[in-house]
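After this come two complexes, each holding chain A, first together with chain B and then together with chain C.
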Partner chain A sequence: MLFNRLRITSWLLALLLTIPVLVGLVGTLLPAFHYFPPLGELHFSLASWRALWQNDEFYSSLKLTLITGIIAPVVALWIALSLLAWGYQRAFFQKIEKLLAPILAIPHAAIAIGLLFLLSPSGWLMRLFSPWLTGFDRPPNWITVQDPYGFSLIFALVMKEMPYLLFIMLASLHAIDARKTLEVCQTLGYKRLTIWRKVLIPQLYPIIRMPIFIVIAFSLTVVDLAVVIGPNTPSTLAVTLFHWFNDPELSKRFVASAGAIALMLVIGVVMLGWELAHCALTRLTKAERSNGKRTGFTDYLLRMGVLFGLVTLFSALVSLVILPIWSLTRRWRFPDALPSSWTFDNIKRAYPILIELSSNTLIIAFSATLIACLMSALMLEIKRLTKHSENHPFDWLIYVPILLPQIGFLFGLHILLIQINLNGTLSAIIALHLMYVLPYVYLSLRGPYLAYNEDYLVQANRLTHRPWRNYFVIKLAMLKPALLTAFAIGFSVSIAQYLPTLIAGEGRYSTLTTEAVTQAASGDRKQVGSMALLQAFFPVFVFWLAHVLPPRWTRWRLALYLRLRKCYKQLPIHGQ
Partner chain B sequence: MLKSLIAASLSGALLFTSLQANAQWQDTLDKAKGQTVYFNAWGGADNVNDYIRWSAKRIKEKYDVTLKQVKLTDTADAVNRVLAEKAAGKNTQGSIDLIWLNGENFRAMKENKLLYGPFSTQLPNYKKYINEQARESLTHDFGTPVDAMEAPWGMAQVIFMYDTATLKTPPKSIPELLTYAQQHPGRITYPAPPQFLGSTFLKQALYELTTDKSALTKPVSHVDFQAVTAPLWAYLDKLNKVAWRHGKVFPTDATQMIRLLDDQEIDVALSFDISSASVAIQQGNLPDSVRSYVFTKGTIGNTHFLAIPYNSSAKAGAEVVANFMLSPEAQIQKQKPTVWGDLSVLSYAKLSARQQQQFDAIPRGIATLNISELGKTLPEPDTSWVKALENEWLKRYAQ
Partner chain C sequence: MLSIKNFSLSLADKALIEALNVNIKNGQVVSLMGPSGIGKSSLLNFLSGTLSSGLNAQGEVYLDQVAIHTKTPQERRVGLLQQTPLLFPHMSILENLSFAIPAKVKKCDRLELAYQALERVGIKDKANATPEQLSGGQQARVALQRTLLSEPGFLLLDEPFSKLDPALRREVRVFVLEEIRKANIPALLVTHDAEDAKAMQGPCIDLAAAH
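And then the complex of A and B:
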């Protein structure tokens, strides 16, 4: 009975999600085939595709996208695994773990601007060493950032993706019982890195496969970061499409839509290639992994990854430190190592509207993320019960919003919102945010949730048969780290949404992000610095909670419980 | 006798039409009362946002109309929303009442019938203070006839900025710019087209380099594009080689150019906002030794406008706002360098003596040029040139 009801619920949820996703998808598909009534185009044709094939900019952007979009996730994964293998359970590594949250919480564009300022010929690195060491009174004419090959873009992508992967890995580790494996293998004489390479990483990979795919999709589709630090002759395909969609020549959106569909296909092909590569690699290394040797030459690969990882993390940290400095800057000119005059004006500007902005932001982010968490838990529980392994449409539908360029996708959704008369409301904003939050929450939660050892729950139900209570008090409580991590990630995703907030809210609800993003539209470093602080404040706090709460939860809960009981006993009626 | 009769009846007719116009405007004012106007405008500049907030306060006091700015990162965001509303059949009660735009966005909205109007020439302040003959860009926005579908708000002209502390005599023409770049490799650049300032730079260069200036006023399809633009590409081939970062990458907009000028990566920055140097100095984004200048043969200039979407839910309110923005009070405030520094669109001759005094009394920013220093304004070429130049540039330098 319950089982059936759950199954129906799951389909209802999937349907509820399918409609907007399909509408958004169709909103991109129709113009790709030249059907677009608002511009008077009522006949299907392949003209946009022909125009796309003939557009040289498309090919050159696509090439760049493929280079950056494939190298970045490979490097990010390699470095994240290396750092994990090297640092797991080491005291120093726990300090690094604390650094991950702020990197994740800072908006992409802001961290890219920080990195740009660090590395550019007139940047901080140069300022620190000029002119006393370099002899430069003026910045040299070097190409250190925005290079045509996209190296600096890859570096920025890795800087943002590696912490995400590491964060997810740390949250999924207890699912593979890493500590015990390490102990057993170490008694057998295996070296630390070898154990990871031969035993743990192969177990970890299936759990983090989905997050890796998210990272691949992100690398291929990112706009805000690529605009700042990527090359612009040409730009990556996602940026080129963004410009086409926003082109004053409205007919350009036909080619843009076709390009968006093409990009989506490219993502599919890259992911397929990735999986094939993984299979091939597994097969090729199988003999080596089970040859019984306690060390291996490829361990050096992990060792090298650690080095790169530390450099990346250090750059990320410095890029983060730069932002608050800029937010307090009045004048800071090359080659001064620090600002020559300071001010609070940049931050003060936001004061008068801070309360309204914060409350709107928090309401939207909390509601969207909470709903996303509930939906994810429900879907995953149903998935476990019904033993549907991969086939539920839910599993791939939720990807669509983050794979398609926002402008085309949201255009379709906006029309839907107007049709059902929901446009311009807070609930519409929350609904649109949900579309973007859900995939991240679901995929962060998926691995740990499905890997949960159900025996605990079974045992609990044998002791006292209260399935609902036990579900919450035993299962969810044990999944706390994963749940809170998923919540924090979802929360920061919601906070960062600009276009969905503007479109669903029709500009009638301002959030920290709509305010900050428009202020920073000029790219003024002082404003970007203050914006990043404003925008990052709440996510950093939530990430911090997600990190701090789980290990202390039970202790604090019990302490609170004891204190309450004490108070209760001291009440006059009990005193006698 | 007959003459005076005709004169009398004529003046009577004029009086009658003006009375009728007054009554019509009164009707608009009545309708506007209590309305809320959602003004979608680029929100990247604090001084502009502050000015809009000031206007909102004055409009509320004078007309009981609430003006709310919806801050955008890109005007296209607003165009897209109107388009979506049209697609959804929402032909009334749209979410946007007023848009700040010009050039290509205006043409796109006008051509696709996304605008309400004609309205601007009927605004009392337009009739009173605008002299359409003063500037071509008042009636032709990037070559597209305005046809009263948008109300002028301010004037823009290309200006150049340089630091007097490091550069004594800045290059004052397109050929001089190349010579300077060859002597100082890596210190000259321009924003990447199709960003509008980048496209404007192309137009400026083309205007100075081409041998056939008259071709620029005709549609591209009517002239030999390759022949007319050949000198431009020959020029850019040379310039890009010695440009900032070897022409492998270009700045994205005026703000980035100002930042690069401040960082001393480049020696000359350009902007479409004549007050940008003064504003940047005031904000601490440029040293106070920076000054503006224009090319000796003039620079390209245009006008920016306010338009009302066809499905606006507060058209009367939007008209009242557009009219207020054209008032001497609002234009004087706007031109103050400490407020915004944007040039007035009003005709000086049509102002009263007192208003003229007020305009004269506006202090100038230390790095802002006055009207006479701004010199000759070059007209925008025919609107079809923008796309053609941008596409050719992308094909040659961005692939």
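And then the complex of A and C:
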């Protein structure tokens, strides 16, 4: 009976995970072959593919996508590995480790906007070195950000992905027993970086393969980052497709759908190529690993990566510092290193719009993440009860939305939203956010949830048999630290969403992210600065809460109860 | 009075326990000894109704002449004390205790009951403390009080002293026996340690000898 119900719930959840993915895919695939009832197209044809092959913008965009989408993950992985190999177990590095979570929490658009303010010809970097070094008293006519080769986009991507990879690696290190390996190899006379290169990295790679693939898919398909800091005309394929999908001429949609399918194929091909390259590299280096040399020339690659890594981390910090400066600026003429006069007027003026954007953002993020937490708990409870120790279908189904390109897939889903009359509503936005929040919440909750000592719950039910209440008051309450961390991660993922908000909301609901991205390049820096600042502030604040609250929660709660004398006022005072 | 009649346990044709008959009077502690793997824990699971499938167990259990082996675990009114005290770390000691009191008891009476239990442990100043602020011996005693507050019909003790250091163990044993006598319910103790069995001043059944 119980088992039957479990199986039904399990199937329902799996359906709930698959249906949007399938609908999105079908909704992209059919228009790509010219089948689109809403526009009265009921005949399959290859016309859109022919149009795509003949479109020059497609090729130039694809080239840019391949350049940025392959170089960025390679560089991010290289730098992350270098930093890890160099810094593991060093005191200084432990400070960097603590910085990782907040950096991860900051939406990438906020960092990109900060980077834009830093690197553009009239940016902070140029101001700091002008005119005393460069001689400029007017912004030079250079192209620094949004460069046609996508270098600034690559830099922004690396800034976002490197901390993520580093975070994942640090979390997986216990699985390969790095500390012991280092000790053993050091007694054999190997140098630190060589040990990492020859022994540890080859063991680490298989564990972090999935996160690397997520990073690759993200680099190839990102829209918001590319809009802010990527090249224009041509832009990357994802952005070009985004313009085509939004083209007033509706027939452009067919070509765009074909392009979206092409982008999916590109992701598959790049991942395949990545794996082949990894195999080839392993073959090539295999003999070198056991040649007995205690140091190696290629150690310099790692050492160089450290340098780049520190520069990247430092730029990320500076990019964040510049946001509040701009939002408090009254006058900041070009070569001045800092604003000549400061003011709160920008914030006061932007106050109504900031309040509206913030409340939209927070409502969406809170609802989507709360639902995601409850769903994850339910899915994990099912996984526990059915004793699928290794591969429950949930474990791989959950990855699908984050591996597919948002562009195309989401436009396909949009058609479904129109059919069920949910387009442009808040619930539609929350539902689409949920799709991207759920995987991260599930993955971060999985370990602690499955490791929970079930004896506590069994004992609680033996003391008072109220299974539902005890599940919340005992089990979930004891999992508070893990739940709050998962919530913080989901929350920051939701805040960062750009396309889902735009597509499901049809522009009727703007969030901090959509506004900041839309106005980043053209808008008023003072206002964009405030938006990006708030956008960065909320997730960091929630992360801070998730870090600070759990260890103190019980103590504070009890102190509060005592203060309110809520529970203890009837207590008899015995002979004191 | 708890009566176990004709209990036998087998694992895939291998008989572990055969035709065990035990009678435990109210306020009495019967000890059960034997090497690990002989089925001591399975007997406890059988009594509390949580025996996992795969083991073949037969027998009847009566609590005050009422058959309970046919009842669901929550209807059996069983109290179980394990090696680890399993106090809920996110609740104060007082909350841990009042958690166990049946829901029908009114709010002010609950506090009074919990506070009395706290006094029996001798740590009424720690009402508002969390379990981690208590010593191992105090935790064990609070765990016993908590189980007793849930008004069980009988008590199962699954090596509750094994994680305490020897000096504390003696104190806690005395405390447990006293409290069980006060509560006046039958109790079955499973242990490795002959000292435990002796301290409980009741009959001791050695499963290895019975084999």
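Note that in this section the second predicted complex is superposed on the first by the 359 of 576 C-alpha atoms of A that agree within 3 Å, B and C clash if a C-alpha of one lies under 4 Å from a C-alpha of the other, contacts with A are read in each partner's own complex, and residues count from 1 in each chain.
Methods note: contacts are C-beta pairs under 8 Å (C-beta built on N, C-alpha and C of every residue); 3 or more make two chains touch, one makes a residue touch a chain.
A quick note: this is a predicted structure, and the numbers were derived from the prediction, not measured.
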| item | value |
| --- | --- |
| Which superposed partner A:R289 touches (first chain B, second chain C, both, neither) | neither |
| Contacts of A:H547 with chain B and chain C, given as first, second, both or neither | neither |
| Which of chain B and chain C A:K480 touches, first, second, both or neither | second |
| Partner, of chain C and chain B, that touches more residues belonging to chain A | B |
| Which superposed partner A:K160 touches (first chain B, second chain C, both, neither) | neither |
| Partner chain(s) touched by A:N461 [first = chain B, second = chain C, both, neither] | second |
| Partner chain in contact with A:N141 - chain B first, chain C second, else both or neither | first |
| Common ground on chain A, meaning residues reached by chain C in one complex and by chain B in the other | none |
| Sites on chain A touched by chain C in the complex | 455-456, 458-466, 474, 477-478, 480, 553-555, 558, 562, 567-568, 570-572, 574 |
| Footprint of chain A on chain C - complex, ascending | 48, 50, 73-74, 78-80, 82, 84, 86, 88-92, 94, 99-100, 102-103, 108, 111-112, 115, 119, 124, 127-128, 130, 146-147, 150 |
| Residues on chain B engaged by chain A in the complex (per definition of touch) | 38, 40, 42-46, 68, 70-74, 76-77, 79-81, 83-88, 90, 95-96, 103-105, 107-108, 112, 185-187, 192, 194, 244-246, 248-250, 252-253, 255-256, 259-260, 262-265, 283-285, 287, 387, 394-395, 397-399 |
| Residue ranges of chain A touching chain B (in the complex, touch as defined) | 36-40, 56-57, 60, 120-122, 138-143, 146-148, 227, 231-234, 243, 245-250, 329-331, 333-334, 341, 343, 349, 407, 411, 414-415, 418-419, 423-424, 498-499, 502-503, 506-508, 510, 514-515, 517-527 |
